[in-house]
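Chain nomenclature is as follows: A, B, C, D, E and F, assigned in order of appearance, with residue numbering initiated at 1 for each chain independently.
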Amino acid sequence: MSTKKFLYVNRKAPYGTIYALESLEVVLIGAAFEQDVSLAFLDDGVYQLAKGQSTEEVGMKNFSPTYRALGDYDVNKIYVEQESLDARGLTLDDLQPLTYEDEDDDWAEKDSIKVVSTAEMAEIMEQSDVVMSF
Amino acid sequence: MSTKKFLYVNRKAPYGTIYALESLEVVLIGAAFEQDVSLAFLDDGVYQLAKGQSTEEVGMKNFSPTYRALGDYDVNKIYVEQESLDARGLTLDDLQPLTYEDEDDDWAEKDSIKVVSTAEMAEIMEQSDVVMSF
Amino acid sequence: MSQLHTVNKSPLDRNALESAIQHATKGNAVLMIEDGVYGAMQGTQKSAIVSDAIGDISFYVMGPDLKARGIDEARIIDGIKVVDYSGFVELVAKHDATQSWL
Amino acid sequence: MSQLHTVNKSPLDRNALESAIQHATKGNAVLMIEDGVYGAMQGTQKSAIVSDAIGDISFYVMGPDLKARGIDEARIIDGIKVVDYSGFVELVAKHDATQSWL
Amino acid sequence: MKFSVMISEGPYTHQASDTAYNFTKAALENGHECFRVFFYHDGVNNGTRLATPPTDDRNIVNRWSELAEAHKLDMVLCVAAAQRRGIADADEARRNGKDADNIAPGFRISGLGQLIEAGIQSDRLVTFGD
Amino acid sequence: MKFSVMISEGPYTHQASDTAYNFTKAALENGHECFRVFFYHDGVNNGTRLATPPTDDRNIVNRWSELAEAHKLDMVLCVAAAQRRGIADADEARRNGKDADNIAPGFRISGLGQLIEAGIQSDRLVTFGD
């Protein structure tokens, strides 16, 4: 089976709609297919990674801890757009840290999130073979 | 049965979503209840009244002629926001004419559409007892 | 009369909050719910829309929706009151009509 | 590589068209479909977003969606090409990948 | 005070049904009356008994059915919207020549007049949608 | 060229299913191949046989079923999305203890892996949604 560059594009806020949650379900299933996987968070999608989510009072399922499992699934190229954070008054500190253990570097724990500019994000999109948008 | 001021607020474009069509179905049913009915078209809702709609190639139902039936149902207070038209490069000429026959004026044919400013639209909303948004 | 306007859309993506505020008359209230609560945050590209209107309009935001989205109340624009679902019900009862900016 | 970006949202309500254009690289194409076709009209508050980008990016608009919405092709920004569903298919085939700005 | 609620979106995809549920529950607990909950547009999809959501998530359909039973709520699915989207009770299924129905307990199918009536009869009508 | 299509919204409410249908039909008529049509999110609601749309409008469900039959299309409803929203075939209904099913002809229920596979096996994947 050929290897393709998959890009999952997340542009929507969590909870108001289910796209963020169901997108994550695709990513987790997709991880088993051994493709080259990247995730892009831009526009309102950056809100998905906000730390401290607590859904008890809205009565919905809090799926934010699931993002932390991505590293175990070898999904560790997570691009967050700087301009999208800026527009929302957010910094990297407002997001939950996502990490993975690098098998090529003695299983050192490394950050999965990389903050990129709009121009860099455009280049990541440009280099993708399959783009799934949610 | 008491009489209330009903306002149907239309802020969405037609065809991309069904809200415009199903909103119109509510207005037509509601006309039988002899309430004081007004329709507001603002933001992308002004696109609903564009003339010359032709849906053959998209294979959807063209419901725009139905707006012309509103006058026969005594629904003749149709407010369209000037600022919303301006932002979209539209004028009243781009909309299909909607008319009614005024029984208090020897059944003279009159325009149902009244173009109002944002401030006037706000006042219309303020004076409504029941606001239905689609 | 006095109306309650609810907004459930992020102002960073949609025009609903801006349009609601433009159509709220003096003494009206705007309640931000669901993804609309992002409109209550300080320091966003759209915060000025709300802070400029505070005073003429009363602003409220749903606490449960803030919590779900991880937004600390300390990040909220000064003058916006946080309510829960009972507070939502009270706001609806207190105003003559409710208009949802969908 | 060269990508096709589809936009199906009105730029007067949503940020999808603007974001798509910002993320389209030189030589990419943007196809406006469904409510996205309002982005192809001259004289709107958002027309400049498109007209400023024409040249670096190729713009296309779905004719069937224009007709459904009563938009005369004479009202379209110069340089945008009108296509039908077969043209949509050709655009997808011609570009390496398609990204939908939902 | 007498409330009515209109819900314009289906379960799970948009938060509308969740917010409407939390609102309605709070109104009832605070001593208000609920004249009617009207499901329109995709809102009719809240009324299917064939849903099986994940066990670690809320069951939106059942939650409505239970609230209706506890408070004698009148929950109406718009017939025109339900026909378009494939929600049917036994009568509708028979009339439309379908071999099955899928309506959940506590819901009934009726016309748009029920929404207008809710607007007339209630002190407040609140819409939840997208 | 080999296409696949993902549809993320239900019938009627959003134009996504209409555009996807017109696109898929045009692709097939122009000699392309369609590897799979995958229905996700509310897209699974395209696969119910209980819909009865007005006679003066298009029948979105039947249109898909007919296109599938004419072109041997593989139309897959995501099982997780379908469970949340109440779309079931006979197997799913039995497994989940439901007394009825509602899947339309030409559709089958399967896992998200089918979407990933479509992405891998097809030359192009096009998404239609909201």
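Note that a residue touches a chain if its C-beta (ideal position, glycine included) is under 8 Å from a C-beta of that chain, and two chains touch if they have at least 3 such contacts.
Bear in mind that the values here come from a model prediction, so they are computed numbers and not experimental data.
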Every chain in contact with both chain A and chain C is listed here as D, E
Measuring between mean CA coordinates, which chain is farthest from chain B? A
Give the label of the chain whose average Cα location is farthest from that of chain E. D
Please state the rotation angle, between 0 and 180 degrees and to the nearest 5, that superposes the Cα atoms of chain E on chain F. 180
Using the average of all C-alpha atoms in each chain as its centre, how far is it in Å between chain C and chain D? 33
Taking each chain's mean CA coordinate, chain A and chain F are separated, in whole Å, by 27
If you average the CA atoms of chain C and of chain E, how many Å lie between those two points? 26
Rounded to a whole Å, what is the gap between the Cα centroids of chain A and chain B? 43
Listed in rising order, chain C residues that touch 2 or more other chains are 8, 12-13, 15, 34-35, 64, 84, 97-98, 100, 102
For chain F, residues contacting two or more additional chains: 8, 12-13, 15, 19, 22, 41, 54, 80, 125, 127, 129-130
Two or more other chains in contact with one residue: find those residues in chain B. 15-19, 43, 58, 60, 130-131, 133-134
Chain adjacency by touch: line, ring, star, complete or other shape? other
Chain pairs in touch? A-C, A-D, A-E, A-F, B-C, B-D, B-E, B-F, C-D, C-E, D-F, E-F
Looking at the complex, which residues from chain E come into contact with chain F? 10-13, 41-42, 45, 48-54, 61, 80, 83-88, 92-93, 96, 98, 100-102
Interface residues, chain F side, partner chain D - complex: 1, 3, 8, 15-16, 19, 22-23, 25-27, 29-30, 32, 123-130
Given the complex with chain D, which residues does chain A contribute to the contact? 9, 11-12, 19, 42-43, 118, 121-123, 125-131, 133-134
Under the stated contact criterion, what part of chain C meets chain E in this complex? 6, 8, 33-35, 64, 84-86, 88-90, 92-93, 97-98, 100, 102
Touching residues (chain side chain F, partner chain B) in the complex: 12-15, 18-19, 21-22, 54, 56-58, 130
